[in-house]
Amino acid sequence: MSIITLTTDFGTKDHFVGAVKGTIYSELPDAKIVDISHHISPFNITETAYILRNAYKSFPEGSIHIIGVDSELNAEIKHIALKLDNHYFICPDNGVISLLASEIKPEKIVEINIHDYIETSFPVLDVFVKVACHIARGGTLEIIGKIIPEFKKMIELHPTIGTGNNSISGNIIYVDNYGNSISNISKKLFQEVGKGREFEVIANKYTFSKIYTKYCDIVDFTLPKEQRQKDGSKLAIFNSADYLEIAMYRSNLNTVGGAWSLLGLNYRDIITVKFK
Amino acid sequence: MSIITLTTDFGTKDHFVGAVKGTIYSELPDAKIVDISHHISPFNITETAYILRNAYKSFPEGSIHIIGVDSELNAEIKHIALKLDNHYFICPDNGVISLLASEIKPEKIVEINIHDYIETSFPVLDVFVKVACHIARGGTLEIIGKIIPEFKKMIELHPTIGTGNNSISGNIIYVDNYGNSISNISKKLFQEVGKGREFEVIANKYTFSKIYTKYCDIVDFTLPKEQRQKDGSKLAIFNSADYLEIAMYRSNLNTVGGAWSLLGLNYRDIITVKFK
Amino acid sequence: MSIITLTTDFGTKDHFVGAVKGTIYSELPDAKIVDISHHISPFNITETAYILRNAYKSFPEGSIHIIGVDSELNAEIKHIALKLDNHYFICPDNGVISLLASEIKPEKIVEINIHDYIETSFPVLDVFVKVACHIARGGTLEIIGKIIPEFKKMIELHPTIGTGNNSISGNIIYVDNYGNSISNISKKLFQEVGKGREFEVIANKYTFSKIYTKYCDIVDFTLPKEQRQKDGSKLAIFNSADYLEIAMYRSNLNTVGGAWSLLGLNYRDIITVKFK
């Protein structure tokens, strides 16, 4: 039995998530449903892509991922289902897949066409769940849609490389639970462009000459305890998803704040790496 | 094995939900537990009823729904278990069921009487879970309670119909994750009273002459993109639960606000439909 | 198949929890994963201990509890796995276990040493999950670590007893979902020291001469309804976890506030019981 995951902007207070799960269990009593996130900022597909990109690969191949963000069908945004990287995705064709996996060629994409006999204002429940259960039972994509050659591309918020390969300019694409500001500059891109040169990371009015790989590497543990208080210190790090992140060591968003609030590094803000 | 759902005001930070699930798994290792919501406003049974009413029907018949909101036993509020619409509910007898399913006659109601040998300040864990596991194992209601003829009625916050069937006056009963304000005026009531007449919806100082069935229907997709910016426009809609809702198109409660905050349409506020 | 529980400060928006669950299901398709809490205040091990202490005992013996709070490996904080009270815990050796179960002797403790071949900045996913799956498959602790005699002790925030056994002085260690302020003074300690004497509870500038066992016991149900409004009244109670708590009857943290905000009883604040 396949796993069905849910990534939505429904929140967890309303009845939406419960209704979706009840409908899945009604169709597939043995389904294994996993919440990835229901706290995506409303309609934000950049956040959706960041979160799902860093979660879906942990699941077994053949898992089915429902994306319930900005999913209302309209004259321009269709619903699609696709097989990509040996996982299935069911989502609106609004560009989210291009942000999630731009470098991987999908094996098959269909435009879902079971709407003809479904009138709905809650497509995740009435359409996406039906498609997910169909796939989980071993059904093919062609049964629930017609093959299309590609999904919609969204090109905003991709990092750009400066003249002479001397810089990378990216954006903050996500602020995490600790208030850390995460950019779209990957370790891979950094290494490809930088080729081991020295560098400076510039974010707002702050500069960093080192990028850590563990948060606690900013602490010198050879010093006596009272001389090494680093809580609240800012640092640049390649985070566990291998993206360049500006963090505050052991900070607390609910009390003192995080990199986001203290350094003023919000969604879409620019972050630059200058190579020497 | 039956599904056991949880609808509570416990929040998800404290140990309460974890302890309840651990207790269920200790009694029934194969139980399937589904969270409907743990973010009900403390002690708010109107919210509880709205959320559970719109979620429970999606679950398979025979599912068991635990309601952990305002559930402390006292001299006036007893604990009940009932079978209604082929689902089981375990809850305090505080009126919540009358808000949830006033139009459906319960098949059987019992006042739970296993308290005689249970001393507890956490009845959801010590009483409701025991009753749920008993039912899940196929036990009858008579074993854990004594039959009573009816549950407590709560009459507040029901819509009223004006003289000559010329209006319906209701209240905002829920504000959802998108900040949309949802009334207790159902599509069914609207159609029964209105009989196809023209109408005006009045909420605070705003009026609406149309009720949509999809949010994006307010957008004219024949216009060029730059002329059709409707984000943040207000609209009246019958939502996916078929209740009259005042919404802001693609609004974000965390940034600009929602219908709730921008139009001043809060819990208990009045909303009126005038027929012509 | 063992249950694996998760107690973290990851929040539920980011990809962390989804990635951890996906990894567990990839290794153990039949795993039963239960969220205890993902909303621990960042890096707060006192909160972690309070929540997990009150939840883990509800789970069946043999359950495996992953603690993902402040879990980065560094020169001074190692990762440990232990069997205690017939449950397994996998966590950083930062004192959290001493707050969680100071009075129970662990059966076996190992310092996890599978890091030698794992380079990671996300140890919960890369290390703790591996250890949990190993234990769930029936593996022994010795395979994934080397036996150590004890875990780190944390001595702060334990209640102290005054001269002549005439008082107990404790601290607020947790504020719950209702805004109630919970101390580290247990009913057991209160009874052992007090031996039935009269007493006064002093918290900030407020005193209480009675400790209730049910919230609604402050209401006199023999009075007519309009004379017994107690909503918002303050009281001292032994809560369902048997700790002395200062509460506001049926209060709402989101509107009027709770004991925490209204009485000024925050994390680490002092609460004293004076016996006569």
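Lettered A, B and C in written order, each chain numbered from 1.
Criterion: a residue touches a chain if its C-beta (ideal position, glycine included) is under 8 Å from a C-beta of that chain, and two chains touch if they have at least 3 such contacts.
Computed from a prediction, not measured in an experiment: that's the story for all the values here.
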- Message: Interface check for copies subunit A and subunit B. Shared numbers divided by all numbers used: above half gives same, below half gives different; which is it?
- Response: different
- Item | Angle of rotation relating subunit A to subunit C [CA atoms, steps of 5 degrees] | 120
- Which whole number of Å gives the spacing of the CA centres of subunit A and subunit B? 31
- Query: What residues in subunit B touch two or more of the other chains?
  - Reply: 12
- Using the touch definition up top, name the residues of subunit C that touch subunit A in the complex. 9-23, 25-26, 29, 41-43, 70, 72-76, 120-122, 125
- Task: Using the touch definition up top, name the residues of subunit A that touch subunit C in the complex.
- Result: 3, 5, 7, 12, 32, 34-40, 50-60, 63, 176-178, 213-216, 219, 221, 237-241, 250-254
